[in-house]
Every structure is written in C-alpha cells, then in structure tokens.
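In the two complexes that follow, subunit A is the common piece, with subunit B as its partner first and subunit C second.
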Partner chain A sequence: MPPRIQSHRVSNSLLPFLSSSSSTSSSTLSASASCLSRYDFSTTSVSQTRHRETMFNWLNNEGSVFKYHVPGETNYVTRLQKGNDASQSSSPDVGVENKKPFPGNQDFVSESILSEELRMEIYKRVVEQKKSIRVVSVELRVDMRRVGAVIRLVELEKRWKQLGKNLALPYARAIHEMVPTTPLATDGNQPSHESTNDLPIHRLTEPQIFYPVPESRPFTRVDAGRVFSGAPALVHKEAEKSRDHLAAVDDLVRRTRTFERIGKGANEQQVLQPADMRIPHPQLILVEKDRMDHPNEYRERVKRYNERLADQDASEGKRRAVAVARREATLKHVEPETSRFQFRIQDVVVSRTTTGRDGRGPNAPGRRYGVPSQECKKGQVKIPTEVIV
Partner chain B sequence: MRNRATTPLSKAKIRQSWSKYNLYNLQRFRTPPTFFKTHFQQKWAAKSVSRAYHGEQVRESQWTRMFSKRLRAVMPMNPIQLARDDGSQMSAGRGSGLDPDGSERKSDSKRIPYTHMTFAPLERRLDVAIFRAMFASSTRQARQFVIHGAVTVNGQRMTYPGYLLNPGDLFQVEPEQVMYATGAPKDRMERREGRTARKQAAEARRAAAEAAEDVEEGAPAEEAAEEKDGEPAAEAEAKGEEDPRQTLRALLAQAKKIMTSSKEVLPAKRKQELRAFQRSVRRVLSRSQSSAVLTDNLEAQLSEITSLLKATRGEKTTPKEEQVSKKSEPEDVEPSSSTAAADNKTSEQLAKAFQKASLNPEAELDEETTAELSDEDLNVLKRALVQLRDNPIDSTKPYATPWRPRDYMSAFALIPRYLEVNHNICAAVYLRHPVARPGLAEVPTPFGENISTSAFAWYLRRR
Partner chain C sequence: MVVRIRLARFGNKRQPFYNIVVTQARSARGSKPLEVIGTYNPIPKRPTTLFDDASGTTRPYKDISLDISRAKYWVGVGAQPSDSAWRLLNIAGIVEPKPHVQK
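Showing the complex of A and B:
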C-alpha cells in the first residue's frame, strides 16, 4: 500500500531557511519499506498480535498525520476528534481546540511559549535600556518571574556563544515550529503572553465562614481579610480610614506601609491583606484610578506614574541595602594571609527566639533534650534540597 | 531500577513518553467504566491508571509522602475592577452582590479544576521537569540523563533524579544528549557509515602512532610521511591549476541545488549533494593561508572564499532581490542568532528567490561577468554555509544527521507555563510551582476530571 503521507506534512529542519512547502519529504519511502519488510524475507508465519496489527494499521492510516509536523501548527491527537466534530458544527474557539493535546482532558491547554524575538526584546529592554523588570513585565505582558528567567537564560546563551560551545539550533527551531509561540508585535499592540496580575488563593481563604454583617454597613475586601485571619473588626473611625483602599495601595507601592500582625508566639501572623495589596502589579490599580479621575490629562498621568515607579525603586533599593547591612552585621569575615579562602563566620543563636517557648524549636541549632534528630526518621529525604547559585 | 514502564497494547496505559505505542494508547484510551462498580473500585481504577502516567518511577510509599491535599490555585485579577470597587458591591444585598437592576448576581467565572493538580508535587522532580521541558523523550530517559551526569542544576552537576526543584532553579542538559533524545535515530546505512568512519579514524591513529615510533627510531620517517601526503598534495596541485571562475561557478551551483526545493529528491541523494558541497567548500578553504579559517566564523569563511576565488561583489540586483537582501540584513550581522529565529515570512520570500535563482543559475556567471557575485548569490552561498555549520552531516553523532525531529514528536510537543525554556542551550528555569486557574490546570495530565478526582480521593486516605 502506498504511504498516505501528503508531501507537505514534512519536517523542515533539514532546511533551516525554507518553508516546508519547498523542503524535501524525508523518509516517506523508508517508512513504507520498513512496513513491508515485516513480511518480506520470512517464511515463518508472522507472529503479530491482533493489537499490534491494529496499531500499525492506525499508525499507517489515521495516525500518519502525527509522524511529521507542519511548521507553525500544533499537531495533537485531538485533531482527529475535531475532524469528526467540525463536519457537524464549527465551534467558535477553534484556536483553543487546536491546542488541547489530550483527548481525555479538556481542562489542559498547551500554552504558548515566548518567541525568539520576544525573548531578545525582553533582554534588550532590561539589560540595554535599563528598564526595571516591573515595567517591562507590564509593557510586554509577561510575568515578572519569567522576565527574570529570560534574562538569565539569554545571558547564559551569550556566554556559551563566547565560549564557542555548540548550540542545539536545529532542535530549537523544530520545537518552535511545533509549539504555539507568542510573537513580538511590530505595531506596538503586544498580545498578552500570560496574565501578569495573578492572585494566589490564600490558605486562610479556603474555609467557608458564616459572618453576619448588617446590610447598612459596607463590607469591603479589607474587612473580609480581617475576618479570614481572625482579626477583630475595625472600630468605626479606623474603618472609615480603611475605606480609602487606594491610599493604602499607594502606600504599598511606595513601600511606606507597615502591616498589622495578629496572634502570639509561633501563631503570630500578618493580617490577610486585600487583593489590591497582594497582586504583583498594584501600581496598575492607581493608574486605572487616575485614568478614571482625570481622563484628559494624559501627560500628568504618565508623570505621576513615573514618579511613583521611581519612588518604588528608591525605597526598594533602600530596603535591600538595609537588609544586606543587617546580614553583614551578623557575619565575621576572616581572611588568613596564607589561605586563598575567605571565611564568613556566623555565630549560632540559641535563644527564646530561635528555640521557641518550649525549647524544642526545630530550626534552632544543636542537640537538645527531647528534640529527636530528624536525620534518622523514616522517609527523610537525604538528597540535596537546594543548590545555591 | 527495573523499567516496568512498558506500554502493553492489551491494557492501554498512558506513559510519559513520546513513543508511537504511547501515541496509539493515548488516542484509544477511555475512562474506566463506573457502572456497577463500588466507590472503592472506582477510586482504585482511577489511582492505578493515573499513577501509570504520573511518576511511575516513584515508589508508591514515596509518592504518598509527597502527596499534599492542598492544591495551589491563582485567580487572575483585573486592576480596572479593583480600582472601581473596594469590594462592598460584591457583598451588597444579602452578601452575594447586587446587579444594577437590584437582582442577585451570579458568578460568571469558570470553575477551577482543582483535582487536576493532584500530581502537582511530582512535577517538581528533576526528571519530570526535564521531560516537560522537552529535553528527553520520556521521563525514564530524563532519569538516565540525570544519573549519568548530563544534567546541571544552577551550574552544579546533579545526579539525583528525585531532586525537587525550587522556584528559580536553572537546570541544563547537555545539548548533545538532547539532540540524541529528540532526534531521529540512525538508519542502517548511517550506522554503517559511522562504523567505517570510526574504523578509519582508528587506523589513522594507529598509523600516526607507528609514524611517531619511526621518528623515534630515526631514518625512514620522512619517507612514510611523504608517501601519505603524496596523494592529497597532488590533488591540491591539480586543484591549484583549476580556474577560480569555474570553481566558483561549480560551488554556487551546488549551493543553489542544496537550497532550492527538491521534493522528488530522495534523502540519500540530497545528503550526497550536501556532502559534495561540503567537500568543495573545504577544498577552496584549504587553499587559504591561515589554517584557522575552517573552524572560524562564517563571515571569515565567506570573505575567504570570495577572495580566494577573486570574486567581486556585483551590483546587478533587481528591485525584488534587493528587498530580499535587505530583509536578511540583520541576519548578516548576526548569523547565529538569526538562524535560531525562524521567520516564516522571510524564509518564504527567500525560498522564492532561490527558486528564481535556480531557474537561471548560469545567467549571472557567463563569460563576461565571470567571478562577479550578486548579493543574492552571496546570500545563497552564505546560507548553504550556515546550514553546513548548524546542522552538519556527521557520522560520529549518535543520531541521524542532518538532525531532524523524531517521528511522532509533534503529538507530544507542549511546554507548561511553570517552566521557561531556552532550547538553544537546552536550559530551563523552574519559575514557580504549577497552579490551577479558572478553567485551566497547569499540570499536563491526559486524564479527565472524574479520574483525577477519584485519584485525589484515594490519596486522601479515607477509603
């Protein structure tokens, strides 16, 4: 039987610069040859189970479309089902339907990866134009952690090129042809790669709480956070102040805010803050508020936004400097003249703060009576738990 | 560890693998029936079927310790909504918000598929993360890479496949291993070529060793060396006599042949063409004074070729061709980065240009304009060189060369969002733990809601 592979369904990795339409069809012949050779040179009866036969039947007919990819398109198993459905009704979100790799799982979508140009653009903006990661994240609509990771990876790639190591270029090209990618917009209308303002669902918000509130009293996100963390309700005056949630966000953005804590000893924890405070880009709330209040003052708004960002960077820098200084204060540097090493010595602290009230705090150093060594316990993982960069 | 991860056809089990058996099983897999089954039986079936996919290399007791009933989720927030409202609207009325017309409001967001996150703790494992980043064709293979020392985490070699990645960890697999894992395997001919190449190399080494011994002995060393060099020297002389124009013409014709479409051409034939081109490029470059050119960058190679063949850059380009060459200008500056970026549009245009050029390959190179290279010709030459460098024919590699993806790979090609992968250097960063969001779970699992929910219930240990 002739192979039913159309000539355009073919990988183009052999030819890095040509589209698949002009590339060669690789090994269509060898596929059919191997298929036939099962029967060719053997006089004994073919020892093949029924399952195997049906499998190769499927692979040579319906399944042959999965053998090679079409550059720029996904090639998942669900396309077979979709072909059946499409004849009956054309669904509106075909784009998403194409990206479901598992026929049994409708809740999983193969999400796009950053295209090569977008990665280089992120690197350019952060490293060359010296923009902050926060700003670039908002501009290109990519998560802040991803922006950081992209910079690390591009740096590594550059170092590899400098060292003259071999890169896996044909492989990378093939992957970018198979997986959906987010392109870099040339007209400035950058499509969203992922949602950048994700609110993690907090452990405290999981229980359902029955909390009666008079209908006449406004009940805000701030109040809900207090209820979830078991903090007492605010008295009237404070409550009035807390109503101005945007002022609080402004404080947060400028890093001048302190957080109330509740509980005693080991149970002490921060009062759960409203969503405005816990999202990665709270400054965008203020931008929206500004836009609503002053719709016609574009320059003023941009100025205020930049001012706020500068404030944020400055206070962030100050905070980091303080933290570093505090850590340095606990360290003693010893540099013997004959040695090429520098020793950083940190004194252990055995006090109420580390051992806890009952003296059994698991994180305090040293052997203490009544605190078993977890080393010998069954199921303790002995492989490293972290690799310090 | 014995590999129990077989893909039996009698029982369709889905594995973390790219094999065609697995593909067949994936498409014919059906949710186990629940009619006339006790709750316990349903949970058992769900657990066994999902554990065959998720962490089958992990012992059951190990997994039960890793299991956590707390499932991570996030809710995307809209800053516009947050700016407008301090939350009191949502709690208005009897506590669930009021619509503008005063009626009670219903939530319109999609459900969060929590139980799809049951096996999320396993995605933290190094071997699973390597498979998810598409650096290996199965988790078993990823595990082997780790154990054999091909993987680094934050620059340090890590030999524990069970290492749990922390957010921000950068792991890297050796590109050669990745190319081997994801590339098509060698066929019989290629394997034989590899064998003969190895044999020849061994013989050459032996001969060199003998020659070295002879040198130590003294007298007949020079003779042997001359004998060996005699043939290539003669060849080189013969080449020296060749007309540079003719050589150039031949070279260009070969480059064009490679770069133009050839649907009918068999892979073997095509490989012969590539090889011939490679040989002639080598031959031309071997005439240059500095021996470093062969390993040098492309620009140097190209300029060397043109200077050796006494070619001058011609000005004869039609407007369309100019456009093409303009498009490829940034690539001229940085060939290696441009090759990584697959620009479909540009490549299509180029393909057209090549076709056009192939129709009249001799036009530019007739007697009068000999040794005049148009920009487009240069481009073709350069591209052929780029291809030779990036995806060379090399029988010493353990995969089929030039590299191409293995069969049926595209059906499994997906990269989850909690990883940021750079495929050029085969490195990835584990950004964060996988999360669920409305209508979407980030753990790639082939099973539906009812299987994962039953499996989750099984590990809650209230049977």
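Showing the complex of A and C:
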C-alpha cells in the first residue's frame, strides 16, 4: 500500500520536531500538541517516520519478489540472505534446503509427506479397485499402516464434505508447500516414500539369554525363536524340516500355515518366528529368490507372484467366512418396527464355570462387583497409542 | 419379597452401561445382585467393521448380551422385569410386550 499523500504532508511538517527514533507515546503527545494546528482534522498518526518510508521503499524494490509466492515453495525473507550467500559461495544444496520448513531452526530436516495425487491413488486402488492393503503398499512403496491411515482419513474427509463441514484447505496447501512431498510417478517408477519392510522389535526378543549350544548341533533362527519363547527344542526330524525356510515363507504367504502356540491360559502365545516370517512383506523374499533363480523369465515371475497373492486372498476369504459364521452363530440381529436401531443380542453363559466361585470370574457377563474401576486412577492412558491395521 | 429383573447402571458420566441383573426388589441399584444375566449398552454404534459388511445393515446398532436360558428360568419362577428390562426381554423374544395399562 503506498502511503497516503495527506500523511506525507503531516510528516513533512512535523519532521523537524520529531526525532527519528520517536516511539508511539511521543507521537501521541505530539499529536495532542498539534491539536490546535490546521491538521487537527487528520486522524492519521503523525509519526511518519523514516522507517515507514524505508519500509515502502523496500516493499516496492527488493521486497516486491515476496508479494506473490511461487507455488510449491516457501516465501521466507531469509531467501534474500540465502541468495546473497549463494552468489558468493557456489552450489547451495537445494534438495536439503527444501526440507527445512523452519528457517530459524536449521537443524530440523523434515521427512516427506504424501502428495495429494499419491494419497488419492492409494484410496482409489484400495477402495475402488479392491486391491489388498499389502499389495498397494508394495506397489506405491508406502508403509501398510500409512495406507490404512490414508483410507480412514479420506473416508473422514468425504463424510465431512457430505455434512457440509469446512475443510482447512488453505492450511493443507500451506503445509504441502512448506515440507517436501512424495509425488505419484506417472511412468511406473514410483519413488519410495519410506521403508516398508522393517522388522518390528518383538517383545520376546528384548531379554538377553545365555543359551549354550554344542558346536556339533545346528542352531538356526527358528531354534533361536523357540528359545526366546521358551518352547522345547524341536526333535531331529522336525528340525530338519524347519530349515527349509523358503518353503516356510511360501506357506506363510499362501496362508496355509498354522503356528504352534505355547503357554497356558492368559499366557498362551505364538512361538516366536524367524525374521523372514515377521517382516511386513514376506512375499518379497520369494520374489527376490525367483529373480535370482530365473533372471530372464519376467512374465513367469509375475504370474507366480500373482498366483501366490490369489492363494493368499482365497485363504484369507475362507478364514474370514469361518470367523463370521462362528460369530453369527451366537449373535441374533433384531430390528424392531418401533425402533430406529438394530439390537444385537449375544447369547452368553452364566454358570459356575464362567462366574467362578466368588462371582468375579473374568469370563462372566457384565461389569464386576467389588472390583474397582481403574478409570480415574493416575497415569491411565486413554488416548489410543496404536492402530492395528 | 419380590425378585425383579432390572438394570444396574455402570459406566462413567455420560457413558452409561447397564448390567441386566436379577435382584431383590427393595435392594439398592448398586448393591450386589442375586445374579448378573447380561449387559446392555445403550450407546448406539455405527456399523463399520468387516463383520457388519456381511450382515448388510445400515441401521446403527446397540449391543445386548444375555443368557437367554437363565432369563427364561427367572421369568418362569416369577421374577418381575422392570419396564426397561421388559422391553429388552421382549426384543430378545422371551416375553410378550408389556400390556398397555389405562390410567
């Protein structure tokens, strides 16, 4: 905004009486002192200082580049400083600079976020094309948990749009310009957003165990897993079989494998599996093995990969059908005429076996009597700390 | 003394949750009942999970868990359901709807 002409005149007339470092209080004083002058009709502050003029000079010359920002980039004043540095010293690292959203904190380097196109592509593939989260995660190189989160958030966004709620689009746009984003590749070479196949740390692997093994005895990762979970060692024949870990991974990918469990009651848990089986995408091990064995049979490899995934989908579907049938067997759905709700009546068992002798058994229906609720106790975390995909 | 089938409120402020209990009519709401035969969660839930896709409904639902054989037994020996318990037992198909009494 260029300064108004009138205020120019005022400042000029009062310039000899004001020091350059006049504060607001002195300006109000001088304004009241000039009340009797012929400018008493003016409501403009009289402190038209040199600062204001230099500000407008700067805005009209150097600063004019900041008036409209380049989409996809930040619009910080520090850019001028950087420009000077760059002209003096050669080759500034543009890639790294772009990852620093806060010019005051040069130590903070931001990770990339998903671009809008990539986000919508994930949603499209999972919800519209009905691909599994596992497949989409491998194709677009995004973690499975993030894929799940994207789907939930896009669903939420759609619901909000339906309800007519306002979305914070300017905010989203600003964030996308501040931090780097992972684009959606059009030519099929999708850049990796993050590492998708990290091995999670299992609780059972935390203790350090001293376990002496004779040199003459083979001891593999399968055996180590058994030691960690306190399972007895395998007999010789089974141990021989367990060493074919690719077959085991294949079974796992096709979902035709059952896992041994150990422990009693509430302590029952699955025997710890080797790392090949615990990574998020074990099917990629087989893909890699296939590529090493048959480097020139691309189509055959893709066919085998798809076949494995189809097997997996079929087994998953079967398992889900069994789970639903088991659940529905004890559940009755009632939709009364007079109510807008459905009632789901689960048949439970009240007997000595469920309630226990003192009536406080954990399997009995209903809230317990005489067992205080931990709800208001100190240190109870009520915010969910993880989402199971 | 009369034995009643009624609801006992649990849960926190604005998060009601009820045990369906069999108890003496004159005992306090929070006292220990003869038997807990089920629960009722009056807060409706939206069908979102995989299981709900299979059931193919769009209505919000409320969960009731009930030992139906025990409920039939207690009704058979003369336990009197309260109005709200009567409604739930009717939904579960154990008793006829309560006849409307003209005042």
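The definition used in the following text is that the second predicted complex is superposed on the first by the 211 of 389 C-alpha atoms of A that agree within 3 Å, B and C clash if a C-alpha of one lies under 4 Å from a C-alpha of the other, contacts with A are read in each partner's own complex, and residues count from 1 in each chain.
Basically, contacts are C-beta pairs under 8 Å (C-beta built on N, C-alpha and C of every residue); 3 or more make two chains touch, one makes a residue touch a chain.
A quick note: this is a predicted structure, and the numbers were derived from the prediction, not measured.
Contacts of A:L167 after superposition on the shared chain: subunit B is touched, whereas subunit C is not. Once chain A of one complex is fitted onto chain A of the other, the partner contacts of A:I279 are limited to subunit B, with no touch recorded for subunit C. More subunit A residues lie in contact with B than with the other chain of the pair subunit B and subunit C.
When both complexes are overlaid on chain A, the residue A:I345 reaches subunit C alone and has no touch with subunit B. In the superposed model, A:R367 lies in contact with subunit C only, and not with subunit B.
Of the two partner chains, subunit C is the only one touched by A:P336; subunit B is not. Contacts of A:R327 after superposition on the shared chain: subunit C is touched, whereas subunit B is not.
Per the touch definition, subunit B reaches subunit A in the complex via residues 9-10, 20-21, 23-24, 26-27, 29, 31, 61-62, 65, 70, 72-80, 82-84, 86-88, 91, 93-95, 113, 116, 134, 153-156, 158, 160, 162-164, 166-170, 172, 175-176, 178-179, 182-184, 187, 259-263, 265-267, 270, 336-337, 339-342, 344, 347-348, 350-351, 354-355, 383, 386-387, 390-391, 402-405, 407-417, 420-429, 431-432, 435, 437, 439-441, 443-449, 451. Within the complex formed with subunit A, the residues of subunit C that make contact are 10, 12, 17, 19-21, 32-33, 35-39, 44, 50-51, 54-55, 57, 59-68, 70, 91-93.
Contact residues of subunit A toward subunit C in the complex are 320, 324, 327-328, 332-336, 340-350, 355, 364-367, 369-370, 373, 375. Listed in rising order, the residues of subunit A touching subunit B in the complex are 7, 11, 13-19, 21-27, 29-30, 49, 51-52, 55, 58-59, 63, 66-69, 71-72, 74-77, 80, 101-111, 113-117, 119-120, 143, 145-146, 149-150, 152-154, 156-157, 160-161, 165-179, 194-195, 197-201, 203, 213, 215, 218-222, 224, 243, 245-246, 274-276, 279, 281, 284-289, 292, 379, 381, 383-389.
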